[in-house]
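Here is the structure we will look at.
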């Protein structure tokens, strides 16, 4: 019930069509959804043209399949399933029609988004960072964004990175994915004029401490326009990148 | 020297007006600035309409004054000086004309930006977070953005926060500033449809460990669209918020 | 031997029925149990109507079965066994009659408590937190408390949480179970008028650092009435919730 | 506006005494306070007989005085001000009538609560923990609870602690305050039958790491019924202790 | 009241010289001290020939003076006061007769112990570690032990350390005091045949993290016979060294 | 070559039986072993009556067997092998005659030490700490010490601990083994008059952080006479306990 | 394209043999490689006489084989593959001719470097550190350096270490590899006159925290001339040692 | 006593000029210094042409002055004093003739080294890193090395860094000094062909955690040839840089 709904309810009370008791109950039962100050999950797809998302990690194949089926039944155009291991995808695919990518561990159920806008560049420092980068890239693509991939462009071979300065300069938003020393975000942030989303990864050993090193590096970036998401959170980066890329294009 | 400049130089070589040796030297001396793959600091103000920024912490008043004077002489419209203690501002103001705010410790030298666009909402969880929030807000204002301030709206009094759902729902980008448990970003991120920049602050005591608690909370936010900057980095949040807010408006 | 027992022993000495040497020995052998300043483990069930508890982790099935059998032989009404993996439960069930729940990994041997009082609400932020929540809920139920479960009500969808404000407002004590950013306790603590026990979980990845993020968030909660137990310690939360819920009802 | 107020407003709409527009406005302005799912800050004192609380740290004397004055004007019986340094108290006392305790740094403005119920025992391991313990004790007293103080009863002299077993056994709730190794909570938790609130303090040096050592000890307590608040958070412990102590006594 | 005291009390009850009620009261008032399972603080000096100890840090000069005076009045031969800043010592010395050492910040009130036995060697890696080493050495001397000092014998100049192998080989116990990399304990532990007590110090900068580096080094020592006390805990090391040194000599 | 060996060599040079060149060579080849300032590994067994020790973790069964065989061939009475998994022990036992204990993972090759002196008490807080405690106890026994075991005497049931005060008071040295909150050492240290060696264990979950919690607790112990070894280092504690226990008894 | 290549290109432009447009394109396509300010990966082998390196961890056997084949096809004399598990080596060896060492997990494809210069000493504290040490040693050998190995020379048996003082004094650079307390670097650094590269290893347990202890020890080394690489980074140490050893010898 | 000395002593024994007892004593008293396996501190200056170094932090002006005077009296050409605050320098300069630099806090007593060889480049990421960089640079200069300074060349403005590629490519060793994200070392390490010594600094705020962020970044550098010294350890970097630079030039 949105603001207009409240007004209508009050009018019905004023008109004697709804009793005071019933109105109290209605206001009490759905106070937030009705008043419009919270994202209504079920309507998000329709309103924003984005698919619903299921975080697959820690859910059974049955749970994932059930949730996806219900969403599609309720009219979602497409459903994005993240962090789903191949074995789980296998089981889910028996009851739901999905397109699954084993590198990013992302599946799309329903219609995939074919219309893509803007330009998001997803970069990695090394080859081991690619799974996280693909999670970001495929999330962004599922949400209807053009994505350019630049992989293995770490700062210890700065010429490889600079060879892509054209793409860096013309992106609307950049996702930098790096483990180990995580310096990629700073260098890219210094070159680019657009927002840079930094994704630390748990790639590394020893004093990388499971991604802590890259995380701290990125948080301390001296370049303006850089912000950071959780370690290995490719989905979060792709989702935020889509939000920013689509500004003014929706 | 930009791409066109390189072409012109080569043309001059082809025309015999410039010797091969001189051309080699020129290309060597300014290889990156010339080729256009790096932000040319001196021209940034002209190109983007944003003021130059001096990070005041750890610089002497003399250094700050000198840098600001040179920038203004070279044609910058305005210069933003951050993290400047009142005593330093006092000394700087003797040689440079500045507008100084003691809460955010930000000064603007030169012409302040009067034209403001879009809508950035800056929120704090508590009153002690206000200095960091003001750093973000005044940075954003100096960069030409409309800023709405919502202070002391922490999640332990959720109704105070929800009372501002209108502003939350209509912002183009939101900056949430919080110390202690830092949960503000998650709640706001769940309500808003726009990017949320989370700024952990060092406000707190005991197990807040100088802002670590708020930082981890924000990095682990389950809400989509949230990204994080360094502890107490109001400037970085304001700068990034401006970048995002101005997309499609410049 | 309680205070009265000591008096009686002294009277026996005064009456010459007990020799000084024997009295010295008696006082020496059971000094603490006798004097009443320590919970007498064997009598706790009778006194408090609560079952004995066996912490199952790190014990062999044989050890668990033996302890449970002895307790029941000694007259315990029921014995609660926590942190017991399914395989262990399988073996234990061959020699002891248990009711086992694989989600919470809790078993009850002996008579289950059917009489339940008061109202404890157990909430989780996500679905992955449910095993820890069930450990709390089933512990509380085994100790004779009414338990209301509200799962998957994380703060990034604040309307889902607020839809349960009736239960929150009418509980005598609330257990909030959350991993990742762990902000649930703060929001609930701000709404509720009763004690809130916060259980951080190790659910999450990256900068959740095995539950550290949620732990720090909960310790830094700005809401009054919130206290914290160890990461994943559902049993401890359920036990404490029972203690509080039963005040004035026993 | 509470639940009854909403009903009355609706009745007024039904009766035609209030227009639909005015009702919408009223519901919009105070949507959460009115509907009853949030603690109404202004009415808390009346409803619960507890004073309002001002967290003094990080506020100027002027801010504190203004907030306290407003609260008293609005009808609060008494206002508790915590974490207020002596110098601040000095300035505040010029405009507001306060009773200030320099050890706990707590002040009470307005009428102090004279009626006290139940029994809360506040214990410390050492003498340096007393300021935090007094913050807990005086908070609890201001909230109308009987408080027994047992100071300097650390576990390295277990007989000193056990000499107070009578008080430990007869409390309705116990607050244990300890720095360094923080083992007090475990020992007391093993003796007591009531909830134990553990407050780690930053007392110590070296590997106490600002209270981290005591915090971890308390979180890992093997005793049932123990929960933990933030390092040095005497107020939080006293507030929660009051909540628990008053169950069934209000 | 020791074991004999309990017997005597019981005899008095048997003889009718003490009433049952009085005996109950006596047993209740000092239950642990009487039964002998706890060190009786007041008698420790007499029994062990060691002085009482006051931990001076965090106590006011008045508190220290009062405690020391009472101890001396009750018959303590000498009282050791540790961690006392010079200004505090100044004030204490006005009411109590003390011998104060500004390097170790230790004072002795009453008669100093002149009789010394055995051999404790106290070594430091650098000159900055000397205050902590002196705290250990003077504690040990006050407790009646011969102490040999070997300062500035860090492992980066191994010949300086090995030049003292005679003292190392003939000590009954060794205290090694080191900050920075803290490797002294391992090297000495590998040479010596006696227990080595390792004291990490907070001397250092950067990645010494307030003594954490030396602490971890010492805990990980591959040499057998090494154990560790808290960072900067010279007193603890000196006290333990005395305990070990005096075995078989008392 | 010990001190006497050097003297003999010099005598041979003086007598002309050994040339100067040969003497230089001999001194050079074994400079430290000869001069007596370093524990001569090969002779330690003869000199101290203690067996040699092989740290089994990270060594192949073949390596362990070879080292043990060589040691026995060279005349060692017995060899202690620690941290050896059952499978390794199985393989080693095919070529070397060992007595293996699967709980402590310790094996003894050669003649076991039957003569035992003094009294070492090894205590644990819980049953899960027993493997580490047994490593300490069996090390101490192999080194010829009487060992008393007191297991499952954690501080949350203080009466269980105090029931053993007789053993605590009459030990020459005590080893306390505890995970989780690790408070055992402080309580025992406050009761005992002898050195207490604290062994933190990795037993626990959540905020025990692999033994860090117990480690910090023990380092911060307020009881005098307590020192700490590495997490799970039962061998180190048993070895040091033997060193201390045997003082004056060898 | 190196500096000479740029000159030649410009000459071709001046001569009219290359159009301006084509020259712009060429400069743009390889701007950094051409201008000489970046190590040209493909030419490094030729220029420096060192083999190319493939970091094997996290790469599939197919990826490794493909990269190695391409490098050899392009004229690399030899290719070093690090961190390659035996199973991977097995698969790679089917398509590429490699010499593989299972201890260091290093393989060399192509011609091994037979010519060796200078002197690098690689030392370990214990036997478990040998795999990391071999990674360093074999990297250095593959890069054409003489390597002396001194294993199991930890500081807790200082005479074993000092017995190798000749090698220590005559090395051009030393690599010290140690886990646990990691003190080896400090002692060697104090004896040697040459640069010492310290490699902390993850060997250890408990408070070694995966190599953190050794890392901090080495960073805090008081000996001059010591620097540190990442935990377990034998390759990095061997590569840097080669760089230093070959100074003046190439 | 060096190897020759031992031979001579043995000859004297063989000749009967020295008794066996006296020879034993002599060998025992100076075993290490005599045999030549340890750097003899007093002779280092003569042998290596480098000045002695006094670590000034934590020493009194009197201590520093005395040590410096003694060194100069004993024939040192020059003495380097590091980490000396201006006030201390002031006092020291009254008794010793020093040249003091307030930025690096380094003083040189005696003759400054005028002869300089090779090329060391010292780079900083920001202006706040200059004091640490100057400590490195002036240490290197005092040890007789040519030093090139490149300050404020952080990676977020990569063109500023690359503009110095000539110096980077022609250095014999490079010292990179950076706080915050500390990425400078990786980028420089990827460009340079010589050893790169990385110095993390404590410059920064928030999640820089006193230099931890830069430290971890540098340890995780993917560039070969990079090693790391302690946070803010400019002296250590300068000393090591000198060691490497002078290889083949002495």
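Letters A, B, C, D, E, F, G and H name the chains as they come in the text, with residue numbers starting at 1 for each one.
The working rule: a residue touches a chain if its C-beta (ideal position, glycine included) is under 8 Å from a C-beta of that chain, and two chains touch if they have at least 3 such contacts.
Values in this document were obtained by computation on a predicted structure and should not be read as measured data.
**Student:** Could you tell me the least number of steps, going only between chains that touch, from chain B to chain E?
**Tutor:** Shortest path length, in steps: 2.
**Student:** Among the other chains, which touch chain B and chain H together?
**Tutor:** The shared contacts of chain B and chain H, listed by label, come to A, G.
**Student:** So which one's got more C-beta contacts, F-G or A-H?
**Tutor:** A-H
**Student:** How would the chain G/chain H interface be labelled, same or different, where same requires over half of its residue numbers to be shared?
**Tutor:** same
**Student:** Would you kindly say which chain has the C-alpha centre located farthest from the C-alpha centre of chain A?
**Tutor:** Relative to chain A, the chain with the farthest C-alpha centre is E.
**Student:** From the options A-H, G-H or B-H, choose the one that repeats interface C-F, i.e. more than half of its residue-numbered contact pairs are shared.
**Tutor:** That interface is repeated by B-H.
**Student:** Quote the value, from 0 to 180 degrees and to the nearest 5, of the angle by which the CA atoms of chain D must be rotated to coincide with those of chain E.
**Tutor:** 90
**Student:** Taking each chain's centre as its mean C-alpha position, how far apart are chain C and chain H in Å?
**Tutor:** Distance between chain centres: 59 Å.
**Student:** Please report how many Å separate the Cα centroid of chain A from that of chain F, as a whole number.
**Tutor:** 55
**Student:** Quick one: chain A and chain G, Cα centre-to-centre, how many Å?
**Tutor:** Inter-chain centre distance comes to 39 Å.
**Student:** Hunt down the residues of chain G that sit against at least two other chains at once, touch-wise.
**Tutor:** Where chain G meets two or more other chains at a single residue, that happens at 31, 37-39, 157-158, 162, 190-191, 206-208, 212, 215, 219-221, 224, 230-231.
**Student:** How do the chains pair up in terms of touching? List each pair.
**Tutor:** A-B, A-C, A-D, A-G, A-H, B-C, B-D, B-G, B-H, C-D, C-E, C-F, D-E, D-F, E-F, E-G, E-H, F-G, F-H, G-H
**Student:** Name, in rising order, each residue of chain A that touches chain H in their complex.
**Tutor:** Residues in contact with chain H: 125-126, 154-158, 162, 180-183, 186-187, 189-191, 204, 206-209, 212-214, 216-224.
**Student:** Within the complex, which stretch of chain G touches chain B?
**Tutor:** 3, 6-7, 10-11, 13-14, 16, 20, 23-24, 27-28, 31, 35, 37
**Student:** Residues of chain C touching chain A in their complex?
**Tutor:** Residues 127-128, 157-159, 162-163, 203, 205-208 of chain C touch chain A in their complex.
**Student:** Would you pull the chain G residues touching chain A in the complex into a rising list?
**Tutor:** Within the complex, chain G touches chain A at residues 29-33, 37-39, 41, 57-59, 63, 200, 202, 210-212, 215, 230-233.
**Student:** Please give the residue numbers of chain G that touch chain H in the complex, ascending.
**Tutor:** Residue positions touching the partner: 36-39, 48, 53, 162, 165-166, 168-169, 172, 190-191, 193-195, 197, 215, 219-221, 224-231, 236-237, 239-240, 243-244, 247-249.
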